[in-house]
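Have a look at the structure below, then the notes.
Per-chain numbering from 1; labels A, B, C and D assigned in written order.
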Amino acid sequence: MSESAPVLTMSGISKRFGTTRALEDVSLILYPGEVHAVVGENGAGKSTLIKIMTGIYSADRGSMTLAGQKVSVSNSAEAQLLGIAAIYQEPLIFPDLSVAENIFIGHQDRGRIVNWDAMNDEAALLLAKLDLDIDPQILAASLTVASQQGVEIAKAISLDVRVLIMDEPTASLSAHEVNRLFQQVRSLRESGVAILFIGHRLEEVFEIADRITVLRDGRHISTTPTNEVTEEVLIQEMVGRDVSDFFIRTEHPIGERVLKVRSLGRQGVFEDVSFEVGEGEILGFAGLVGAGRTDVALALFGVAPADTGSIEVDGVSVRLNSPRDALALGIAYLSEDRRRLGLSVPQSVTANVTMATLKRYTSSIGLLDSIAERDDARGLVEKLRILTPSLSTPVAQLSGGNQQKTMLAKWLNVNPRILILDEPTRGIDVGAKADVHQFIDDLARSGIAIVLISSDLPEVLAMSDRVVAMREGQIRGIFGRDQATQERVMTAAVGTA
Amino acid sequence: MSDWLSRHRWEAVLLVVLVVTIIGNAALSPFYLGFGNFINLFWLSIEKIIVVVAMAFVIINGEIDLSVASVMGFSAAVMASMQVSGDIPFLLAVVFGILAGALAGLVQGLLIARIGLPSLVVTLAGLIGFRGAARVILEDRSIGDFPEWFDRLGQQPLLGPIPLALIIFFAILAVAWVVLERGSFGRKVYIIGNSADVARYSGIGVSGVKLRLFIVSGLTAGLAGVLFAARLGSVRGSLAEFFELDIITMVLLGGVSIFGGSGTMFGVVLAVFTVLNIRNGLGLANVDGIMQTGVVGLLLLGSVLVPNLIERRRTRLPAPEP
Amino acid sequence: MRKRMRLAALLAAVALVAAACGSAAEDTTTTTTTTEQDTTTTSAGVEVGGPVVIEAAESISALFLPKCTNIPVFPQANSGAEEAAAELGSDPASFVGPADCGDSTGQIEFMANAVTQGVGAIMVSNNAGDELAPSAQAAADAGIPVVSWDSPIPSAEGESVFVAQVDFDDTGVVMADMALEILGAGGGEFAILSATPEAANQNAWIAAMESALVEDDKYADLVLVDTVFGNDVAEDSVTQALALADQYPNLGLIMAPTTVGIVAAAQAMTQEGLCDQVKVSGLGLPDEMREYSLSGCAPVFALWDFVDLGYLTYYVAYGIATGQIEAAEGVVFEAGRMGMYTITADPTRDSGLRVLMGPFTVYTVDNIGG
Amino acid sequence: MKVSPATGMNRGSGRLRRMKPERVKELTLIGIISLSVVTFGFLIENYLSGRFFNRVITSVVIVGILAAGQALVIITRNIDLSVGSATGVAAYLTGDFLAANTSTGPLVAAVIAILVGSTLGAFNGLLVAYGRIPAIIVTLGTLALFRTMLSLYSGGQNITADTLPDWVLQFNQVTVVSFGDFDIRLVSLVAVLTGLGLHWALARLRWGRRLYAIGSNPEAAKQAGLPEQRLVFWAFVGSGAFAGLAGFMFMARIGTISATAGAGLELESVAAAVVGGVSIFGGAGTILGALLGASLIKTLELSLVRLPQVSEFWRDAVLGILILVGVLIDLALQRRLSRRPIAAARSDSGSSPPVTVGEHSRASEGAPDE
């Protein structure tokens, strides 16, 4: 760790979105030549923090000091000029440009005329420095995500960054690729760059970070040198409350096995996934982002069908090639990505609630029974305690928690037999979270088989009858309710020890 | 009311423009306020506005159909050529003409919905290609001599002073309005227009909806082409040339987003009424055709620019004016 | 209405006297008028005798509807109409029209609006075929005379009378004569560059020319090798003209019966240095053709005077609208400075009436000016 | 372990991978052009001649220049439908200026035309880049607006050849160098040089590369701090400038300019660019490709004109099919070469995208409420 002066100091940063408190008085110091990991649960405020650093958001309060000078950043171009660059889990590349161009396109200082040869040579040099075997003249579109990320790092180096923010860069990478990435990170560190590393896999954080900062619910919890902290402590700090804070799944009988999955696999994504879910059972899926849980769900929902293995519903082998197939069998999937895949936000609450069940309200001449629609929507709005001015209010005007509930209402309206919930409480406030947990329990009671995917470990543990731990596309353990402890599940999911 | 206003700001603006237009026209031209003129005002553009209704669906769905005017010409050409060949009853030729439009829509729809080509390019090719097909069929002929009942339907009032095409327009409009606002299909069109992914994840058959839309668009254009032939009493290869611009203009003016997902039939109807009234007013004021085109062009630009500017002001001002 | 008719008749009677010592009628009309000077009876039951001198009566509102407003010949025609209106003490007709020539829909709109406005007369140069007929009929039903000019309504439905610039059969002969003049007695190959394949005027003229070629032996050596269309778009016309020159190595002449086509063809030949081999002729505006006429590329071409056409048209429409003349076969009238004309059956159409203006002005380097 | 299928390893055959898709596309186009020339050579007498070569390279000038400008805009994920009107305005105003100042030389005239075009382009650019109105709406509006303004300005009067300086009519004919019958005309040279200049600028200038970047991924462009608004604005100015140059060429080619000059060129230019491999979704394609696309269309058009078996009436139909084929080839090439999920990467296409699969969702953590 460096003794030198801090390169970047964030002090007393606060940021609110409407009623949601994203960051509250957070301070952070980055030294040149260190890898500083920021960890925390989803919604802890990590993304907001880096968005403030790169000028995408402006802080409500607090200040940012770069190399001793107070700075304000209002867009990412300014951030770049100041030597702050960011790399995201999904690389922001230009697919139609070559690798070399992707690296140099944002440069202001390279003259008006592009010297292709020099640029290619320089790019090759940069890539070689990072030990990346990428042809600089190739189109970026044809690279793997890992290579695209390498290109982004090369770009950051080329910009002479002083602070490099890496936002879950390993999320989409294989173990081998992660190793390569870490080599690159280390060589960057050696050249004196301060690296802000945001990661979910604690194993990786311990491997790469010099210091670790924990954020929780928008607050700064701790900053500790890596060698002075253990995984257990870290998890405790991240979760911050006892598992007993959560709604606990009540005991109840589990009925017939409705869904049986045998050796399900999809080339390069997940393999040999087998499990069963019974009526009224909640099967939790724990694991890190990128462990392949969503991909299994998408295979069950027919979006991205599996290429090996079998799926049985009620003992009958089925083929699921589209969401329509899945819905016809009573399988519903609540997506983790509310805005892109879950809701039609300019539409009314009613329209969103009935979106997946239009057929039910359609008369023989194709008209919608709007009274029945509104009745059902009203029922669900009341049941789920969705706060909305009216049933015809566009969903875009609701808060995140109420949007999430609306999405849940949409799937409940399907009357599913099997409900897959993917991060059902991500990014919503505590109150809404408790509501959602209550509903999940009610649903299970009513006999629905539930697959609960969540990166929120305490949530999984509290809610599930059994817990599946996934890592790198494979199931690493299935734990009964009494065996499922934080440590055991985390160990299986993170892969240490 | 304020709830309605907040969500239908554009319709409100159009309503004001329409009322101002009507008052202005009435003040400026003594001939404007007459029943005959109101019939005329619709009748003179009836084929265009029939297609406008279908186009509204296509654009709300996030696509575009540039080929409609050419398909109108194509359908009329098919009908006319069959009439000339004389082997089949004329009524059948009319049916085939309309079906030719649907077929044109089907071909384009397959390329868009199933193969995934962008509709802008496919229908641009259709715009050129189906016009070409009409010319191939008719060459330099101008085909008239349709049975008298056909001409009469096209040119004479059917119910009192109201001609058939007007009845068809209002019937289509009523159906379309109900389907878009109250129908399952209309709901799907909106959802897909917002996000095809959300629709797919909700079990909606996206490509099926798109395919049907383009068939309907072709069918409507076919019907409009045949109606136009009846009104004109004869068909040439250039029938309805360049109508697509007016048609798209009216839809966009109605507040339908070119990116899909938003817009209402009410807005489109208001835009249709506004454009027709402005054109009528300008016509009665003896304003030249090219000026009328320019005014509509300005209206199109203004219709998007003004709300954009208002939006920007609103975001800056703390409290919006009621 | 009846009162007005009677007044008109009275005026007509006065005019008769004036006509007797009036200007000499033109050759084209005098031949036909002599036998038609019998007294006729109008539908109103008022006796009208002999040639009527159309004179200032009440002011009328009218629509002077061109194919489009963008081609110079139409504003020219309008200036003639304005001149006539001024002479007759009437308001000038409103000169509006569609943006595109060929836009019959636009013309229909203008006609319908004119009917709504209750104008006294509609003067229209028909853009298309019979598409305009229903609108003309509607106008006629509303008691508004529809006088076509430049380009008639083929079926003559709803049309009172067509003011023809020239006899369409004459056009064929004039074009054949010009071809003969350019290609010489020895004949040679020539091609036609027309407007659109659907243009009624051009098609009639071409047909007339083709039959002239067949009927008269002196044209025996003129070989029409091809007819192509430039869509009255300059760029397309240039392309087509050049393609003709390339395709027919022995081509000696391009005959373009359209003012857009002839200029484009002349420009194309000039540009490519082909004027020595391929001459250009047809119907062209002297202003636009002057350059090529002087260069010898287009040694001879023809056109009628559009100002006169507009002038005559207005007189006819005004006469009918004010009840001074009736749109009936055999009616003879005097139209201001242009003299005496007779309404006859239109020999180029199955039905319909015609006033023949004529004659062509044939332009050569001698009379083109500049 | 997880590899997104969208971006998974794709080691295709080495050389093809190394070759940029646009190179492949350009070579394909050259291949198709050569093939069609050879084919027509067998079908048409006197086809393979210097004359035909001269025809193609002079007639492609206007569309080629417009296609280059159009490509410039399409590359940024926009479209310019007003180029036809802008061409007409530039041609008319330049002609008008020349008629009043006959001593003006070609260079000054060209500069005037380009300035006029740029001004109109700047108007479009202002509304698109800073007014945040979709380009298709803006240029649909200005398509009408520019034409109306020109029509009002012209008052229906044409600019005629005899009022223009003598050099104008000769301009198209000026030959820089001849190889036997094959002429290299100045106009073609200018078009090719400006086209290649733009090609070079887009390939080699920072400005040009950034246009590609914006079209390729607007979000990444914003992230990289590229001045998106300014670049898009200048792309429209560029398109306008090229339309201005095309207007100058139009004036020189046609000699007589009406207020409808250049109508319809907008679609031709889009067609040429698309056939030339410029992706309608932006980010991909070259000016050379657009020029080749224009050449292919013109070659086919001029050849079809001369093929007696193919009637006049088939040309549009063939052109429509050609565009579709061009787009299909483009799609196939893209899917083959980069195997990227075209529709998914560009959700605005609205076509059915293969949904990107994975647990990564950008910035969904702590997403603020709206």
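By our rule, a contact is a pair of C-beta atoms (placed from the backbone, for glycine too) under 8 Å apart; a residue touches a chain by one contact, two chains touch by 3 or more.
Everything quoted here is computed from the prediction, not taken from an experiment.
J.: Can you tell me which chain lies farthest from subunit A, using the average of the Cα atoms as each chain's centre?
T.: Between subunit A and the rest, the longest centre separation is with C.
J.: If you tally contacting C-beta pairs, which pair wins, B-D or C-D?
T.: If we tally the contacting C-beta pairs, B-D comes out ahead.
J.: Would you kindly tell me how far, in whole Å, the mean C-alpha position of subunit D lies from that of subunit B?
T.: 29
J.: Could you grab the centroid distance between subunit C and subunit D? Build each centroid from C-alpha atoms only and quote it in angstrom.
T.: 41
J.: Could you give the separation in Å between the centres of subunit A and subunit D, each centre being the mean of its C-alpha atoms?
T.: So the centroids are 42 Å from each other.
J.: From the mean C-alpha coordinate of subunit B to that of subunit C, what's the distance rounded to whole Å?
T.: 37
J.: In subunit B, which residues are in touch with two or more of the other chains?
T.: Within subunit B, residues 135, 139, 195, 197, 200, 237, 288, 290, 293 contact more than one other chain.
J.: Can you list the residues of subunit D that touch 2 or more other chains?
T.: 147, 151, 259, 312-313, 355
J.: Can you pull out the residues of subunit C that are in contact with at least two other chains?
T.: 69-70, 99-100, 197, 229
J.: When you check every pair of chains, which ones turn out to touch?
T.: All chain pairs meeting the touch criterion are A-B, A-D, B-C, B-D, C-D.
J.: Write out the stretch or stretches of subunit D touching subunit B in their complex.
T.: 127, 131-134, 136-138, 140-145, 147-149, 151-152, 259, 267, 270-271, 274, 280-281, 311-321, 323-324, 327-328, 331, 342-343, 347-353, 355
J.: Which residues of subunit A touch subunit D once you look at their complex with the stated criterion?
T.: Touch list, subunit A to subunit D: 17-20, 22, 42-48, 51, 75-81, 88-90, 92-98, 101, 105-106, 110-114, 116, 135, 137-139, 141-145, 148, 168, 171-172, 174-175, 268-270, 289-295, 298, 303-304, 336-341, 345, 396-400, 403, 426-427, 472-473.
J.: Under the touch definition given earlier, write down the residues of subunit C that touch subunit D in their complex.
T.: Those in contact with subunit D are residues 69-72, 74-75, 99-100, 197, 228-229, 233-235, 238-240, 242-243, 246-247, 249, 260, 263-264, 267, 270-273, 287-288, 290-292, 294, 370.
J.: Okay, in this complex, where on subunit B does subunit C touch?
T.: Counting only subunit B, the residues touching subunit C are 29, 31, 34, 36-37, 40, 43-45, 135, 139-142, 144, 151, 154-155, 231-234, 236-238, 240-242, 279-280, 283-284, 286-290, 293.
J.: Name, in rising order, each residue of subunit D that touches subunit C in their complex.
T.: Answer in residue numbers: 46, 49, 51-52, 54-55, 59, 62, 147, 151, 154-158, 160-162, 169-170, 172-173, 250, 253-261, 263-264, 301-302, 305-306, 312-313.
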